[in-house]
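We just call them A, B and C in the order they show up, numbering each chain from 1.
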Amino acid sequence: MDVDTLLHALFLGCCNVAQRGDFISGTASIAAQTISVVGTANRAAIGVELALQLAAEVLRVVREHPGRAILLLVDTLGQRLRRHDELLGINAYMAHLAKAIDLAERSGHRVVSLVYGQAVSGGYIAGGMMADACYALSSAEISVMNLPAMARVTKIPQERLEQLSRTSPVFAPGAENYLKMGALDGIWSGDLAESLRAALQGKSGADQRRARGAERGGRTTAMLVSERVRRDALK
Amino acid sequence: MKQSYHEASARKRLLGVLDPDSFVELLPPQARVTSPHLPALDLPVAFDDGVVVGAGALNGRRVLAASEEGEFMGGAVGEVHGAKLTGLLERAVAQKPDAVLLLLESGGVRLHEANAGLIAVSEIMRALLAARAAGVVVIALIGGTYGCFGGMGIVAKCCDVVIMSEEGRLGMSGPEVIETAHGVEEFDARDRALVWRTVGGKHRYLLGDADDLVEDDIAAFRAAAIRALDAARPPTLDNLLAEHAFLAQRLHLFGTCRDALDIWRALGLKTAESVALLDTAGFLEAAEKIRLRG
Amino acid sequence: MEKHQFEFHGGRVRAPKAAPALVGVASSGNLEVLIEPAKLNGACRIEISTAALGFGKIWEAVLRDFFERHQLSDVRISVNDVGATPAVVSLRLDQAVDEFTRPAS
């Protein structure tokens, strides 16, 4: 889905959101409240400049509009794979973005992310995945990498990965898999404005992803393991 | 006598950094909590899934600590590995130790557990920032053979303090990944000098991404970790605004540099070409006045 | 992966202390060995999980030799092997016993 279509479906014209290159920012109004919209477009490869720009916008909202909800719009192919970015320490810029989003949540901003295009590894993890509530359109694709590349790197035949993907949500890309594993609060289709309204009303709190993954049966071990490390007595 | 941090195992590093006989492991190997996904791929498991977590003491202070083993799947984060780190950081929120030490050595997400690994890294990030917000200082130590990359490179920069050795490497996309994506002209992964000056400890220290640079010696890492115990920088708005100004300035100053040598010269390092040859003490002296500080 | 289990009886050396020990790493050409005390009616049980297929006879020979040397009883040993040579296997097993029997410092 392109940005204009998405914005129209979410806000029915009640928004003042601009797209400059791969960067999206602005405000919108929904259910009688003003929210901030921040994100990326064009399947952006997120490099140091874009990561910094995204963080700047989040920090600006925290400083100038305490408590205002933030919608993160996600369409990214991941971190930009250039030597330039590594040279300048892209991991520090990505971490900065993650910290900015975390701060917004901790300061009482409701943060909701929506994958409307692609969400690939590094670009998703430092941005949208830091949100209290993560959603995706049913047409969205979320992945670490595609199966052919995964087959190449892991040296496991692609047919084997495809076969395993039929029964396990662990390997293959897809919003449905991320839902089963607890990373998504829900998948949106139909009335997007209504879905967003409901999402904005949710309460923020502790990270629920492991509990949901266990509940939905897609990721059962993480919860058990982290709880034991958290609570086991020292022997 | 010096004992190489670079060459030691994750367990040996951890035991050497902490006070003698102080470490108690949580979910130790005999608990046999191994990866639920690797057997489906007919791959070997490790009894600790490549990470040691537990509690101990550092200079008499109460700490929680984790150490990743690069030799097992490059230290990559799978479901169990990640959940152990997340659980440890959540334990820190509840117990408020004097610090959490993370001895990081990881290529990032374990691709064999793709989605589970990615979500796990995200959970580590949120738990880490929750621990810091609760007032616990989190210290990253990086000096292992496999470096610290991918999502774990982000995790490192979510910590209060990063301690590196010259041999340590810190980044996001490994040189091989970049070479595969954009060709050998973009990044020749076999050019060791280029790799080293792009992601190595000295460059990270000069850029301010490493707060301390130590010799490749377990005792030196220990001493640096002790120095960092009271260096908490809670992720407040003021601190993040300062960090933002710092990162923006760095990008402004060096955004057009093609090579680390250009950056070092621009910093005013007169002997940029000989940085590789300087021993740690000599390098620290040369870097003292000119390095960036985040 | 292939699994083997061996049990040796008649060992004279009791498990010396309660703390288990782990040596080695499950990486290519290497193995990890976990050794721990276990009530096994005097037996020494060794469980192998290995990436090298079809070497059951060699495992048995290497482990029998190991048992003859150390004569452990009431000990459980677990191995995750990623294609180590018999020499490396013997070395790691000996290291594991060393760690296991070393008095706590």
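The definition used in the following text is that contacts are C-beta pairs under 8 Å (C-beta built on N, C-alpha and C of every residue); 3 or more make two chains touch, one makes a residue touch a chain.
Nothing here was measured: the structure is a model prediction, and the numbers come from that model.
S.K.: Both subunit B and subunit C are touched by which chains?
M.R.: none
S.K.: Work out per-chain C-alpha centres and flag the one nearest the whole-protein C-alpha centre.
M.R.: Chain B is the most central one.
S.K.: Between subunit B and subunit C, what is the separation of their C-alpha centroids in Å?
M.R.: Taking the average C-alpha coordinate of subunit B and of subunit C, the gap between them is 33 Å.
S.K.: Rounded to a whole Å, what is the gap between the Cα centroids of subunit A and subunit B?
M.R.: 24
S.K.: Where the centres are mean C-alpha positions, what is the separation of subunit A from subunit C, in Å?
M.R.: Going by mean C-alpha positions, subunit A sits 46 Å from subunit C.
S.K.: Could you pull out which subunit B residues touch subunit C in their complex?
M.R.: Subunit B reaches subunit C through residues 9, 11, 20-21, 28-30, 32, 39, 42-48, 69, 71-72.
S.K.: Can you list the residues on subunit B that touch subunit A in the complex?
M.R.: Touching subunit A: residues 24, 26-27, 33, 36-37, 40-41, 53-55, 79-80, 82-84, 86-88, 90-91, 94, 109, 111-123, 125-127, 129, 133, 150-151, 153-158, 170-173, 175, 177-178, 181-182, 186-187, 198-199, 203-204, 207, 209, 235-237, 240-241, 243-244, 247-248, 250-251, 254-255, 257-260, 263, 294 of subunit B.
S.K.: Write out the stretch or stretches of subunit C touching subunit B in their complex.
M.R.: 1, 20, 22, 25-27, 30, 32, 34, 36, 49, 51, 78, 80-82, 104-105
S.K.: Where on subunit A is subunit B touching in the complex?
M.R.: Counting only subunit A, the residues touching subunit B are 48-49, 52, 55-56, 59, 62-63, 79, 81-96, 98-100, 102-103, 106-107, 121-122, 124-126, 129-130, 143-145, 150, 153-154, 156, 160, 164, 168-172, 177-178, 181-183, 207, 209-210, 213, 219-232, 234-235.
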